[in-house]
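Structures given as structure tokens follow.
Each of the two complexes below includes chain A, the first together with chain B, the second together with chain C.
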Partner chain A sequence: MIIKAAKKYWLEVLLVTPLLAYLLGFTLWPIIHSTIYAFTNYINGDFPSLVSFEAIITNFQFKEAVFNTLFITFFSLFFELVLGLGLALLLLEKFRGRKFFRALMLLPLGIPTIVVASNMRYIFDTNGFLNEIFYRLHLIEIPINWLGGGILTLFTVVIADMWKVTPLVMLILLAGIESIPKEVLEAAQIDGASYLRRLWYIILPFLRPFITMALIIRGIDAFRIFEMPLALTGRVVPVLGTFSYFEYREYGNIYTSAAAAAILMLMIMVAITIYLKVVKQDEVAL
Partner chain B sequence: MLRIKTLLLIFFMTSLFLSACAPSQPTLKIVMGLSEDEWEVMRQEIFPPFEEKYGIKIQPIQMEADDLPSALEAQEAAGRVEIDLFAQDNMALSYLVNKGLVEDLSVYEKDLPKTIIPALVDAGKFDGKLYFLPYRPNVQIIYYNAEKFKEYNLKPPRNWNELLAVAKVFKQKEGVGKILFKAYGGAPTATQLYEWIVSAGGDPLAINDEGCVETFTFLQTLWPYCSPDSIRAKFDTSNEYLARDSAYLMQNWPFGIQVIVKDYEKENIATYSGFAGPAREAHVVGGEVLGIPKGAPQKEMALNLIRYLESKEVQEKLISELGWPSVRSDSDALVPLWMKPYVGSVEEALSYGVFRKNVHYWNDFEKYINEAFIEIIIHGKPVKPTLDYYHKMLEAAKQRV
Partner chain C sequence: MKKIIFVLLMIFAVIFVLTPIYLMVKISLSPPAEILTAHPSLGMHAITLKHWKAVIASGELLPPLSKSVIVALMSVILSLLLAIPGAYVLSRLPYRISSALLLFIFLVRMIPQIEIALPISVSFIRLGLLDTDLGLALAHTLNVLPIVTWVLVSSFKAVPADLEDQAAIDGCGKIRTLVKIVLPLSLPGIVVAAIFGFLGSWDEFIYAIYLCLANKTLPLEVYYYINRASFFIASAYATIITIPVIIVTYVMQKYLKSEYLAGAVKG
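And now, the complex of A and B:
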């Protein structure tokens, strides 16, 4: 059957082969290779071994990286969802300049992360715009060290990430809200339901699958956060991606770098599994 | 349908064949990590005479020091080394030697010009073998905001005690620290710590000797008076912090002169060689060396280019155009007037130059000294026990490597 199909579509197969080879060579093979490295003993080359995992788990910077990754993922998702929902509801209302505002809201999606991070540095630097505004408003006398580390810096990363990605969440939720039958909302309005009650009892239940999708798609992406903390804070906020990067690039520890990458991959796989299960459940429900 | 498919296939194969047969000019691929100003001098002043003499085109490739090892590894693994010659930061050499990515150039040592400073040649040796040849020494100098020092009636610090005193005055007057320490991590922090430890009379590679303990103890005292931007300060960002008045004193490489004085037009920035530690004044001699990748397609031509770059003629051009210190003791070039005081600081700093020991476990040292810095200076852990821990880690790494 396969041979017959291959004979019939030989040119198509021939033309697709380079792309397939590219995908396998540059996606699948590096993942396999990296996983092999992760389970190789960097001292004597034994395989399989958990030595690299032991080495990074006892490292204080790795612990910080795991905490930071989870913190940024959780708070980014929370704020992006709340803000995204608010903006989606706002854009549903009819007002002058709505189309312009909608286009404007999508602008951050088109800006490269590295550019966003560089611009955010101008805002959050000790000599940045934010401190200057606070100073002129007589709110501070000495500059706040937004990027100096700790929870404050983590929230700075969250805000920068939120600015860039909230439009995506807003788009998903806007599509969900627009799919709600107008008759249902109109009927509730005629029956005297307030805006908040319509939001709570009609809009949010209808939006549930869209919220789940937005959360999980963004969740997977948030785990992979890399350029934003690196360009915005340097090494002050290590995340799993940057930890793995520096282990390899700076210190030449390919095995411990691979082990950190494997843990990150595991986190993403868990998120994908949840996503696939939810999608399946929603399909059954429909 | 079959005919169209056949025609498409013939067209595809012919295109491939023609592109493979296209005539190509002989080229020499050289990798360097330079700024645009520096590339301009290379392209317009340095390369053309060589190209004319040898009838070859030089293809310059911009690559940062961090990117070179992976590029060479990938080319070697693919069995297709394309780089003929590279200039690499002399602090990032051990990985290339450990991985066997560079040619052993020991046999060419006898051909080196006699006027090349011998210590610069030794810096390219690993276990007695010469892998890298000198072409650009470098040393960090102190940059300070002369206006602010005058305003607060301060003198540039010449030792650690004076540095601490100056740092305290700035903090008291401005409410925020103005002394910049390169605490970004990686090579910038490791280099600075190396220098400070030597100034304190210690051996940086020991990590926990008396000089190391003294350095970290002093840094713990100094840190609260440092600029909050120190934590993001490295070679490039430091210039920006000084130029934007976020810091009033910093230590950096001489390329900062072009950036701060020319690009940012900050004429109130002055320089001097630096301050002494409890033992002496010492400055790590950095810079770049030239190496030939193992399996380079045009090794002989690359060696010709090395000889040319080390020549008196080229070294003098590099001093007069870029203010780079020379590898030769017989170079005598005219330096532009505005650059003279800065070049003077560089020359003075070079007179206190120390060379980093070329050890195969340099990457591990860099990692552990940085981790020790974060734990002790940023997280406030006790100095001696923490350094003892990292000493043990480094000893284990030495055995492993």
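And now, the complex of A and C:
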């Protein structure tokens, strides 16, 4: 049976193997190595050992990095979802220049993250444009130090991230809204259901799987956030990714760096597990 | 009333999207006196090409620009070589198997890059691949390959199976069918895949910062100049990276489907 299948499909297997081997090799092999580093004692080379984990867990910068990562993820997801839904609903309406508006809204998706960080710096700098606008509107006298640290700086990262990825959320939700049968919405309208009621009772329930999908896909991306806080705030806002990077590049410690990466990996694996469960459920539902 | 709210929201959204891009271009064209003050000007008053001339005259633009282009081309070519045969098979497999494999490819993109970049950069030191074009292209291929594969699978699927059956009856082997029939018919899809793949390497940052030391790519140059607080040079470099991306995204926006970007929304 197996031999028969092998004889019949040897060409297919041969054609698909390089692709899968490359992807598997360039993920599995590094992950194994990274995990070995993470569990190696960086003082005497013992394996397995939890020394690296103990070292980073007691490091206050690491605690800050975990807090910042979770904070940024939570708030950027929240705002992106609200804004993305708003934009998708706007695009549902028919109006002149709808195509142009859609193209304009998709623009940030194409801008490299490092460029977004650089642009946001002009806005949030102490002598930047946001302070200037606030000053001209007589809202402030003394410039606000947006990038100096604390909650304010975390929110600048959230806003910068939001600027870049809201279009992606919008696209996913728009695909969802367009999958709603037109007759259902028209029927509700004829029956006199108000806009809010239609939104609440028809559009949102239909969108539920798309919202979940957007949340998980974006959530995983937000956990991995790297160049945005790095370039926008320097070392003021450490996140898990940049913490791991600095352990390696600045302190030359691959072991603590790998330990931090392992914790990030663990967070993402939890998110992926939830994702796979959701995908399965939706397939059953479809 | 409803209409007014609607229009106001749209105006706000447009301003929100365009302001950062406008500022980037404006700063690269503004005299320092307008920007480096407590009260920077909002409009474009005096336009100067000083920073652009400085960037071009410094001779420091060409090495990162060519590195970015070479690395992106290398990863696109490698990705196409790996993905064309692979995606062809995937597009002909039964749905259950192919969707499982595509999901696996999708999951590859979700692994944190630092988890991969760290051990790779350690062993690239040993292999002499650190700070080389090839080394970075090998890493970027990991980014580019999933994008290319998705686009190719969906464009191969669009080629009618009848054509292939016909070719098989005429005694055409599978490889010949792929080369002579499927590839020419899906040429537009291959071009789309190559362009999106190119962008996947063009603006990549994390692998680049782990695997480059002296020979930087364009995104690393932007980071370098931001760190030195050289606003003008940084904005010029940022504009250079952005221009091709904006053109491509605008021209190709009909291909910007959520399935390509987010992986398969339906798994």
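To be clear about the criterion, the second predicted complex is superposed on the first by the 260 of 286 C-alpha atoms of A that agree within 3 Å, B and C clash if a C-alpha of one lies under 4 Å from a C-alpha of the other, contacts with A are read in each partner's own complex, and residues count from 1 in each chain.
The definition used in the following text is that contacts are C-beta pairs under 8 Å (C-beta built on N, C-alpha and C of every residue); 3 or more make two chains touch, one makes a residue touch a chain.
Remember, predicted model here, so these are calculated numbers, not experimental data.
Chemist: Clash or fit: chain B and chain C on chain A?
Modeler: When both complexes are placed onto chain A, chain B and chain C end up clashing with one another.
Chemist: Give one of first, second, both or neither to describe whether A:Leu11 is in contact with chain B, with chain C, with both, or with none.
Modeler: both
Chemist: Quick one: is A:Asn127 in contact with chain B, with chain C, with both, or with neither? Answer first, second, both or neither.
Modeler: After superposing on A, A:Asn127 lies in contact with both chain B and chain C.
Chemist: On the A-aligned overlay, A:Gly219 touches which partner chain: chain B = first, chain C = second, or both, or neither?
Modeler: neither
Chemist: Give one of first, second, both or neither to describe whether A:Tyr251 is in contact with chain B, with chain C, with both, or with none.
Modeler: A:Tyr251 sits against chain B, while chain C stays out of touch.
Chemist: For A:Pro143, using the defined touch cut-off, is the partner it touches chain B, chain C, both, or neither? Pick first, second, both or neither.
Modeler: Both: A:Pro143 reaches chain B and chain C.
Chemist: Let me test your reading of the model: by the given contact rule, A:Gly84 touches which partner, first (chain B), second (chain C), both or neither?
Modeler: neither
Chemist: For A:Val236, is the partner it touches chain B (first), chain C (second), both, or none of the two (neither)?
Modeler: In the superposition, A:Val236 contacts chain B only.
Chemist: In the superposed arrangement, does chain B or chain C reach more residues of chain A?
Modeler: Looking at chain B versus chain C, the one contacting more residues of chain A is C.
Chemist: Counting contacts the way the document defines them, which residues of chain A are shared by the two interfaces, the one with chain B and the one with chain C?
Modeler: Dual-contact residues (chain A): 11, 127, 143, 234.
Chemist: Taking the complex as given, what residues does chain C use to touch chain A?
Modeler: Interface residues on the chain C side: 6, 9-10, 13-14, 16-21, 23-24, 27, 36-40, 42, 81-83, 85-90, 92-93, 101, 103-105, 107-108, 110-116, 118-123, 138-139, 141-142, 145-146, 149, 174-175, 199, 202-203, 205-206, 209-210, 219, 222-223, 226-227, 231, 234-235, 238, 241-242, 245-246, 248-250, 253, 256-259, 261-263, 265-267.
Chemist: For chain B, which residues are in contact with chain A within the complex?
Modeler: Touching chain A from chain B are residues 5, 8-9, 66, 69-70, 95, 98, 174-176, 184-187, 227-229, 231-232, 234, 237, 244-246, 363-364, 366-367, 371, 374-375, 378, 400.
Chemist: Under the touch definition given earlier, write down the residues of chain A that touch chain C in their complex.
Modeler: On the chain A side, the touching residues are 11-12, 15-16, 18-20, 22-23, 26-27, 29-31, 33-34, 37, 86-87, 90, 93, 95, 101-123, 127-129, 132-133, 135, 143, 163, 168, 171-172, 174-175, 210, 213-214, 217, 220, 223-224, 226-227, 230-231, 234, 241, 244-245, 248, 254, 257-258, 261-262, 264-265, 268, 272, 276, 279-280, 282-283, 286.
Chemist: With touch defined as at the start, can you tell me which chain A residues reach chain B in the complex?
Modeler: 11, 14, 42-43, 59-61, 125-127, 141-143, 145, 147-149, 233-236, 246, 249-253
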